[in-house]
Amino acid sequence: MFYHDGGKLQYPVRVEKPSPLFAKALQQAIGGIQGEVRVCLQYLFQAWGARGPAKYRDMLLETGTEEMAHIEMLATAVALNLEGAPLEQEAAAKDPVVKAALGGMNIQHVIGTCMAAMPVDSEGVPFNCSHVYASGNVAADMLANAMAESTGRMLAVQLWKMTDDPGMKDMLSYMIARDTMHQNQWMAAWEELGGRDNHPIPNSFPQADENQDYNYAFMSFGLGDDFEPPAGEWTKGKSFDGKGSNSMVKMRPLGEKPQLGAAPSSTAAQKGQMKD
Amino acid sequence: MFYHDGGKLQYPVRVEKPSPLFAKALQQAIGGIQGEVRVCLQYLFQAWGARGPAKYRDMLLETGTEEMAHIEMLATAVALNLEGAPLEQEAAAKDPVVKAALGGMNIQHVIGTCMAAMPVDSEGVPFNCSHVYASGNVAADMLANAMAESTGRMLAVQLWKMTDDPGMKDMLSYMIARDTMHQNQWMAAWEELGGRDNHPIPNSFPQADENQDYNYAFMSFGLGDDFEPPAGEWTKGKSFDGKGSNSMVKMRPLGEKPQLGAAPSSTAAQKGQMKD
Amino acid sequence: MFYHDGGKLQYPVRVEKPSPLFAKALQQAIGGIQGEVRVCLQYLFQAWGARGPAKYRDMLLETGTEEMAHIEMLATAVALNLEGAPLEQEAAAKDPVVKAALGGMNIQHVIGTCMAAMPVDSEGVPFNCSHVYASGNVAADMLANAMAESTGRMLAVQLWKMTDDPGMKDMLSYMIARDTMHQNQWMAAWEELGGRDNHPIPNSFPQADENQDYNYAFMSFGLGDDFEPPAGEWTKGKSFDGKGSNSMVKMRPLGEKPQLGAAPSSTAAQKGQMKD
Amino acid sequence: MFYHDGGKLQYPVRVEKPSPLFAKALQQAIGGIQGEVRVCLQYLFQAWGARGPAKYRDMLLETGTEEMAHIEMLATAVALNLEGAPLEQEAAAKDPVVKAALGGMNIQHVIGTCMAAMPVDSEGVPFNCSHVYASGNVAADMLANAMAESTGRMLAVQLWKMTDDPGMKDMLSYMIARDTMHQNQWMAAWEELGGRDNHPIPNSFPQADENQDYNYAFMSFGLGDDFEPPAGEWTKGKSFDGKGSNSMVKMRPLGEKPQLGAAPSSTAAQKGQMKD
Amino acid sequence: MFYHDGGKLQYPVRVEKPSPLFAKALQQAIGGIQGEVRVCLQYLFQAWGARGPAKYRDMLLETGTEEMAHIEMLATAVALNLEGAPLEQEAAAKDPVVKAALGGMNIQHVIGTCMAAMPVDSEGVPFNCSHVYASGNVAADMLANAMAESTGRMLAVQLWKMTDDPGMKDMLSYMIARDTMHQNQWMAAWEELGGRDNHPIPNSFPQADENQDYNYAFMSFGLGDDFEPPAGEWTKGKSFDGKGSNSMVKMRPLGEKPQLGAAPSSTAAQKGQMKD
Amino acid sequence: MFYHDGGKLQYPVRVEKPSPLFAKALQQAIGGIQGEVRVCLQYLFQAWGARGPAKYRDMLLETGTEEMAHIEMLATAVALNLEGAPLEQEAAAKDPVVKAALGGMNIQHVIGTCMAAMPVDSEGVPFNCSHVYASGNVAADMLANAMAESTGRMLAVQLWKMTDDPGMKDMLSYMIARDTMHQNQWMAAWEELGGRDNHPIPNSFPQADENQDYNYAFMSFGLGDDFEPPAGEWTKGKSFDGKGSNSMVKMRPLGEKPQLGAAPSSTAAQKGQMKD
């Protein structure tokens, strides 16, 4: 169960120079695939389905609860950036640059929400919950979370560069810091869980049942006399998981061209595709 | 530019006991978020947008090309599993269990594709390209790829358990092996790029510009006398990235309740929401 | 079955000063969630599934048929607003403001449809038929329709403010009037069906089977010394449906922390999450 | 900002006879358009964008926080219903009815999440945040919320009927009660805000600017000698909003057939569609 | 503007043996990509945006109006097939085959719509209006329509085979006939417009501006000694449009490996990807 | 199985004057419904599911492989057009026109991908794999492909007109040529397969089983004294498929108003909708 703190914000949000265009960009941090709706639901669904040691469930619940507060901050920031947006034709008609700005903003902020945030990305595409990655495997989930926070921090960094509003820079500086922590947190958990010894995920499947000829072979599909397969830690020495030795293989097909045969008469194929 | 090998398969695909229900489950490995359409497009788009050292572009191109062959294998497997599917009412009407099986399969395999695979998941939801994660930051992308291969291997393992068809078990054993390699490959690249020293991602943003009070603090939002914040590598000692010291903070709001003020008359709000 | 009137419009549509940017905004009234494709399909699907007194089916059929004409008017308005759009580079290259306008418009109107409307919203997101709300419960459907017409009228009002084209203002003035009627119509039907006595919807479920302790209690989840739960008609006196008395409850959990237990070995979880 | 109560549930959740098929049905209450993810985000986004009297913001925040707890309960219920699901082929192969049950369940619960809930509906379609209706107009939003709770209660009622598990019936009985309260709450707020005097929404637009001939006219589009336009509260007497008198009009087109003219040569039309 | 015929159906719809599973299959003909919602909106949007000779606009309007009636018939068929569906647990609990059938049906027909049709496909995926193809080029649109009717007829044929209900077979026999007509109609219009002389579409672009070396060359990307490029009408003789001569080319790259260079410091790339 | 040619491009791609706005427009050719991701996957899935004569499978595989190279070219073109995009506020703040351009571009190219292409359309909507049309009927598929190439060529033509960059014009001139070939190729295959004798598709269904009264009748639904049904090749003479004679019919309903009856008590309808 959850509580709110009377609507108080986790960190202050202020906007000195409202910008409808920046409001549109901020939407990516709410409803984009790198955004807060995603991580909030992702951590909570991971928590609610967690099986095994309780502390991972608890940690996920903690940070999922924090992300809710981040959506709240960003939604407030969007609403504040929309103050004074050119909602009506009078202003726009007078000034072609205002008109162009109107074209640049998310026009639904004017005509659909009375100047409020929506759970959509910077191009107006609604967030789709298929991006809530919760595999039930705690190691895989830690990687998913570290990745989400990495792209989340990239996004916050770009938004920080895009604005010179002191209030927005301050809020984003806080959010970038939280992304730093969260990246570290998920990778620390990944390490505590065994780190590289965790791999290959899932570690509960007996590797003896996988094809032993190709599980540590980097395959090259490149042609051309001047093409050299890319060498690196993945083509030589011990594998990352320490369980195999890397090699490099120039690929050729092991299977034949498939033969699906004629279409049965029970399908809606053309006559020429059927046996007779 | 790309070539095909006359339609030959990377690895043999055979089905001894066709199962329309297994065909439906296999669709998840084609068009699910853990599936091959996703990783294929993900690695290729990462390659095509790669800036910096060429070898990462090359490596991504190699494995993206391989994944195309995996879609081909799985599409073939779906088509073969649909042989003899109960397409018409005569069979179904006679046998209630056949009828139930018909209900369990993806009915579009019968009425929409003449017994062929589609780029949809096991529940019939089409793949959506927003899942092609390509951030342009090579370290973040390596994490995204390792995660995708982890859930991909989990999926292949579950499919392997779900079937007792020797052909399908053989094909899946090959795919599980490839997932093992690919997980290792992306993590090896992540390590070669600096591994934990890479963090926080992006490492090109001066950490001095992030809020210094909260970038290594695990925040607890839990209430209740019996709730103990979850302790672990993330609450004590050096941070995973080695650049800070973990701490634990019981959270309280730093910001006030936001005051958006009255709605301007230019919005479509109700009269009571406006100033007068 | 349906007929058309030779393509004549329900109400005249004319545009004196074409505006590709306004064409983009008008798309919201076609393919947005407040738009006409939605209400048209919503009323018709409600009609086609209506069970019970025939007059509600008939009324839904009437207004669903009208909304088809509204899509037609708006599609015409979009096409007329695109006359003279800056389709080619010559014009745009000469004038940075023209170029900016090109950026502001839906570029698919230029490159995808030969200057015609599409069933998408103002940000180019295609309409998704999950927004066709048809619950089969006539009282719930009347509320859904009243809400759709309320946001539809809000949208038309904002579009009216955004343009100073006399033709567009005239057309929108007609549409705002129709939204007024439709709001009234659905609420009148709601009232005729019993209004507040209809609630709680569905009224066909015996309320004795619902938990009697919490069906008229406003729950507060707020913390903080200065937080006062919001009082109103919902915290005191008789309930809106007249069947209970409102109260206010400070919430505490009634359930324990769930214990999902270890993951079974049949899942793809990590070894640490399983029993042994 | 938000807190959690150590993971304790708002109300106890227990399952005596796990049913993977019921788990699939329960998903509709999580990620369906009538579900809890929707109302949770809807109330919170409405709160975060609320302008005008603070008490509506507070009320929305309260109930949005409650809905988070409902998702938690339902996610727990799904996980518990999946205990003992037929994950592997051995069991299924033996028993055709088990195999059919496997076909009936959401197969991703087996192969994608290690037996946990997802933010998808009962057919596996992910929740799409375009369903988060937050218009910024408090009266329109109250109607949207009352409608959402009405269909939510309908859904809970049907789930209640579909199960005979005492734990599930108890949990659903609680949820049905909460839906009763929430329906009443939003309608009470609607009434407190003015109720029928609120209409037409938005009430901030001068009705003098709408077309006066058609704003209280029910339009009939029916043909056929035996068709009688459906009469009711909407065709006679005072309008629901008390601001007009209802009438009934047999429709005929007021506009002409639109003439879009030839396609300009700047489009990609065919030669025959252009002027010359 | 449009009229309805008092709700009368274009053709009689009757169901003798209701089948919830067939109701699910029929949904594909309503909300699938081969379905009637698609063609209805497609023809109407094509009509509303038509530029050039009026008769194509009129023809599109005619058949778009007809398709509305087809949705109506199918929605009625779904509702009738749901009569007696196993909505409650009592029946299902008694009989495992009933339970399996319940698993096979679209469970939202029970819990979401009170036994009525929805604009979704057979797997429960809502129709997405991006499938409304309206290019503005009348020749391209005729091809799109012929294709839609071809897959529509395939679907109807498969549904016809799937049922032995005389009423359903009769209705589908009528719909198959209409698909026959519509295929012929669009191809006849394509021919009247010039048929093969129409190509390449759009015919308004001067072919002199396209690359003359590769516009009639079939390119082969196949490797392997035993691979023979597929020969046919496309590799020899005059081209279909009569404007070129077909040839066959073994492909090699004409461009170099692209060099995107280092990432600028203004991006969120890693330090190693930037110049210094 | 597939190979790449060391990353070399099928045709050279160069950009002399980068334009972020043109990058946004180019996205339509990657991830739009007329774009290359679509045709690539469409041809490959058609190939992988092909039953009947092998040469159609081979031809589809060839051209599907080519389209992969087209995505590669376009992704490169997008990346090159983003060079020097106004990523930071300093530049934008100084110049309102730069700021407007920033508003016009896809802002995710700045904040989400480090200046790289994405599989989305020109409005930022991700490609959805439901557009991969693969019916399994080779004649229907040829029509689908010809249509896709027709709209693809229309798109490329419009992009060609929109730019005056010599490199972009050269690349598009090549792509337009390939679209010319592909249109011809699919129509040639359609003709080789029987052309008009193929129709109605599927030709494997006995036409005797379709309703004989309405399979060659153009139906008119128009009203109004001045409406004349549109006459053409479809209203007179032999049908396109040569199997019938066209006629024209003024429509009237053949079915009655459907009577769904009262809602069963097992639904969640209102009491008034049920029998008692």
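Note that the chains take the letters A, B, C, D, E and F in the order they are written out, and that residue 1 is the start of every chain.
Everything below uses one rule, namely that a residue touches a chain if its C-beta (ideal position, glycine included) is under 8 Å from a C-beta of that chain, and two chains touch if they have at least 3 such contacts.
Everything quoted here is computed from the prediction, not taken from an experiment.
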Ask   = Can you list every chain that touches chain B and also touches chain D?
value = A, C, E, F
Query = Computing the C-alpha centre of each chain, which chain sits at the greatest distance from chain D?
reply = F
Ask   = Which chain's mean C-alpha position is the greatest distance from chain B's?
value = C
Task = Please compute the C-alpha centroid of chain B, do the same for chain E, then give the distance between them in whole Å.
result = 28
Query = What is the distance in Å between the mean C-alpha positions of chain A and chain E?
reply = 31
Request  = Please work out the Cα centroid separation of chain E and chain F, and write it as a whole number of Å.
outcome  = 10
Note = Residues of chain F that touch at least two other chains are 1-10, 34, 49, 51, 58, 61-62, 65, 76, 79, 87-88, 97, 100, 103-104, 111-112, 114-115, 120, 123-126, 128, 130, 135-137, 139, 151, 154-155, 157-158, 161, 201-202, 205, 221-223, 251, 253, 260, 263, 266-269
Pairwise touch network: line, ring, star, complete, or other = complete
Inquiry  = Residue numbers of chain A touching chain D in their complex, please.
reply    = 1-5, 7-10, 31, 37, 41, 44-45, 47-49, 51, 57-58, 61-62, 65, 68-69, 71-72, 75-76, 79, 112-120, 126-130, 132, 134-137
Task = Please name which positions on chain F make contact with chain A in the complex.
result = 1-8, 49-53, 87-90, 92-93, 96-97, 99-100, 102-104, 106-108, 110-112, 120, 123-126, 135-139, 193-194, 198, 201-205
Note = chain D partner, complex, touching residues on chain F are 154-155, 157-158, 161, 223, 266-268
Ask   = Mind pulling up the chain E residues that touch chain B in the complex?
value = 21, 24-25, 28, 32, 34, 97, 100-101, 103-105, 121-125, 151, 155, 158-159, 161-164, 221-224, 226-227, 251-253, 260-263, 265, 267-274
Query = What part of chain D is in contact with chain C in the complex they form?
reply = 3, 5-13, 33-34, 54-56, 58-59, 61-63, 65-66, 73, 76, 79-80, 87-88, 111, 114-115, 125, 128, 130-131, 133, 135, 137, 139-140, 143-144, 146-147, 150-151, 153-154, 157, 160, 173-174, 176-181, 183-185, 187-189, 191-192, 196, 199-202, 205, 207, 209-223, 229-234, 239-241, 244, 246, 251-258, 260, 263-264, 266-269
